[in-house]
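Two complexes are shown next, each including subunit A; its partner changes from subunit B in the first to subunit C in the second.
For the complex of A and B:
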């Protein structure tokens, strides 16, 4: 299949022979978790039947990610904030996952849905962006990068990939923010939140956005939105990772544990 | 299957067996062979440990099937899950290591092996290797490194990780003892090799107490710049 040609390895003959393996009743189910197009929860259940002893193979999922454009006078920017929890079924597989993938010094990609799907395809996108740079002697635009990613995953539509990502960056036209997912959507916008905790993040984000915000205000808004989502969503948690994209590329602003943030906000509420 | 004896009940009359309708049986390409793996990274060492029990259903196939495999002088991988896929995967990794050595004239580093394993696993995204992998070794600076994977290739670098059947029991214990999580007023002392070895032994003894698929013996591989040392300790055999 196309995946084999992407990997270009001699050890993919097994893929060619077995890619038609029909799992029958053990189908890959794709279900939306909370909202219809906002939540992601994929259960690929390859059941092993052995006299009733069944063990499901669990992949890593569950998240809250958000990104929004803001401006301060003439300066524009994009804030990207993510949590860091990965769950395998109801087990928390890790609290320190890097859900922002640094594609190149001026492009970022976020990860929501299947961890392996996101990291593999975004790493592949980084490769294509680099090839574009070498061939055309100029940086790739955010629109083109997001289109490359969308077209790559569209070939696998219906096969069970689970990926909800935001491609954020800076190019000739200024700040760029695109939402791309494994169903084939590719949408340009000013603010997005993706993942099982996105509904909670949206409420904080939408009520706190202003026409003119400083970088600190925007960072604090992103941080608070993710914190609130981790508070209410069981599948989000860990740390809040914050990035700022500006004309010179992206900068990592902070990484804070949600437990610390909880104590900070509690103290502030008690004082004020 | 009903023998003639069973088809006729105790009183000599023929039993009607309950007709449930046609039942479809499918061949499953996977089975679960159990086993637990653990890896801990220290300042200048890494420990990869696994139990040696190979089970299937209610039976034990063998008590001597360790799940740690030596890849290079500085890297060991622990694989648990479906034994068939564990064997094939390690063979594929070994072959790819040789290919790299021949074309690049150097051994693969731990982090390169981890990145390669991620793409090997993802290559089978639609018919995955049912293996939970943990790689333990030394990075290019000589510091301990642990990389943990899910069955389709999502990976990250950790300080410690437990994988396999008893992982959910072991991971919280490691979080507390190595990560000092949920402990207040405790000094964060760096982990020494002796403390790490004792901890790993204790942790496996606990796992063998409560997980049916873990037990028999513990195989411990300590990776330092001097090389890889293997030790075996016995665990509960019941």
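For the complex of A and C:
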């Protein structure tokens, strides 16, 4: 664990009491204790004031990600849509970031917040999910996967992790959608949107959701919601990446540039 | 030769034995008999209850313990060691519910207990647990399971098994009498367990304790009266068998 080794202190014995995932000989080594003694290197860049933690490091909060469950008759599914812009302040660092991490063929994780934090922890989650599968000879449930992630980051609460992710997938209970963040929240729900453009995405999403939607309608709704968010939010843009999660796993539906979408919607509005 | 290699647990003997583990298995053979049977919709655990002293409350001696709502285990061997293992297993069942939001499968908790036992065969300054356990229960999808663990840390799934004193004799009886018809009905599975125990228990139904788990129902310990009823049925069936085998009188 890169972060853990950076924050290592002189503790040697209190560690074992914190090891929550004793899956036999393989223990996650958490050297830094919760909330105790933040006298580490990172402390210098943090200043706990009345307004909260002032972060010196720039994180890529600017993003719009969304996911929602829908159903069509007896068939259920989850749509995951994200933008692809990464910003450092007002500089657009990249327009082609992959903000959906494919944990395994039936689990997806979205990325919002610190790119490195999301990427690292979700890849770590993929490792744990695979080990679970090998040990227990069955796929991990979405609830368990999201819980593993939430517990992992909770151990670093207060140390500056920035991650707001949605764990989406399909398991024997049907479609699963959980929101997990670096504050330790883990919430099950039917629809979530995370990021600076989430407000705009929510408005389109909430007004367009229906009880019964076909896959195409749901995809179009997700696409439209992200597009509208990129239209108004400076920190979101690039392409819309769309995924559909169903009983056989996830499928990558499309990747469309928002400027193309802008033209398409404009033409449609002028025609109709 | 054995004397030099049987003290420290982590030392192999020249011919590949871990003597401490084998001695632990001897301790298991001294324990009172336990039999486990896996039916179609029911799992049964029967134990031989050693006679209690006159002033002792026999309710406090429990060889059959539930680990969770849907899993229970019985052991043969050192009672104190079993208490430790059962406590750890109970905590693990709840930890699993917390982190995975699902109840344990019987295989998972068996694997946990087996891993625990194995760890004690490979660390310094500790001796192995002197118990063998029979773990029964139903998985989430409704499949009945029966597993056996040993002091060495191995575990296997069984259809029916016995551990403890005279385990071999009971197992031979089960091998002859465990058929698909014999366990098709819940009552018959219970009777098979009682019959198996009666082979080795001295004074009949009074010294047998029986517990059953049915699918989606919690552990139930049978009352002495119920066991008496079953024993009476079994004896009646035995007499009928003997009558049938007598040569028929012509006429």
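What we mean here is this: the second predicted complex is superposed on the first by the 211 of 272 C-alpha atoms of A that agree within 3 Å, B and C clash if a C-alpha of one lies under 4 Å from a C-alpha of the other, contacts with A are read in each partner's own complex, and residues count from 1 in each chain.
Please note the rule applied: a contact is a pair of C-beta atoms (placed from the backbone, for glycine too) under 8 Å apart; a residue touches a chain by one contact, two chains touch by 3 or more.
Note that the structure is predicted; figures quoted are calculated from it, not measured.
In the superposition on chain A, A:141 contacts subunit C only, with no contact to subunit B.
Contacts of A:119 after superposition on the shared chain: subunit B is touched, whereas subunit C is not. In the superposition on chain A, contact is made by A:159 with subunit B only, not with subunit C. Between subunit B and subunit C, more residues of subunit A are touched by B.
By the touch criterion defined above, A:151 reaches subunit C but does not reach subunit B. Note: residues 21, 24 of subunit A belong to the subunit B contact set and to the subunit C contact set alike, using the contact criterion stated above. Of all the residues in subunit C, the ones that touch subunit A in their complex are 99-102, 105, 108, 111, 115.
Taken together, the subunit A residues at the contact with subunit C in this complex read 20-21, 24, 135-136, 140-141, 143-144, 147-148, 151. Against subunit A, in their complex, subunit B makes its touches with residues 24, 26, 28-32, 56-58, 92, 95-96, 118-128, 130, 148, 150-156, 158, 167-168.
Residues 1, 3-4, 7, 9, 11-12, 14-15, 18-19, 21, 24-26, 46-51, 53, 55, 57-60, 86, 88, 91, 93-94, 96-98, 114-117, 119-120, 159-161 of subunit A touch subunit B in their complex.
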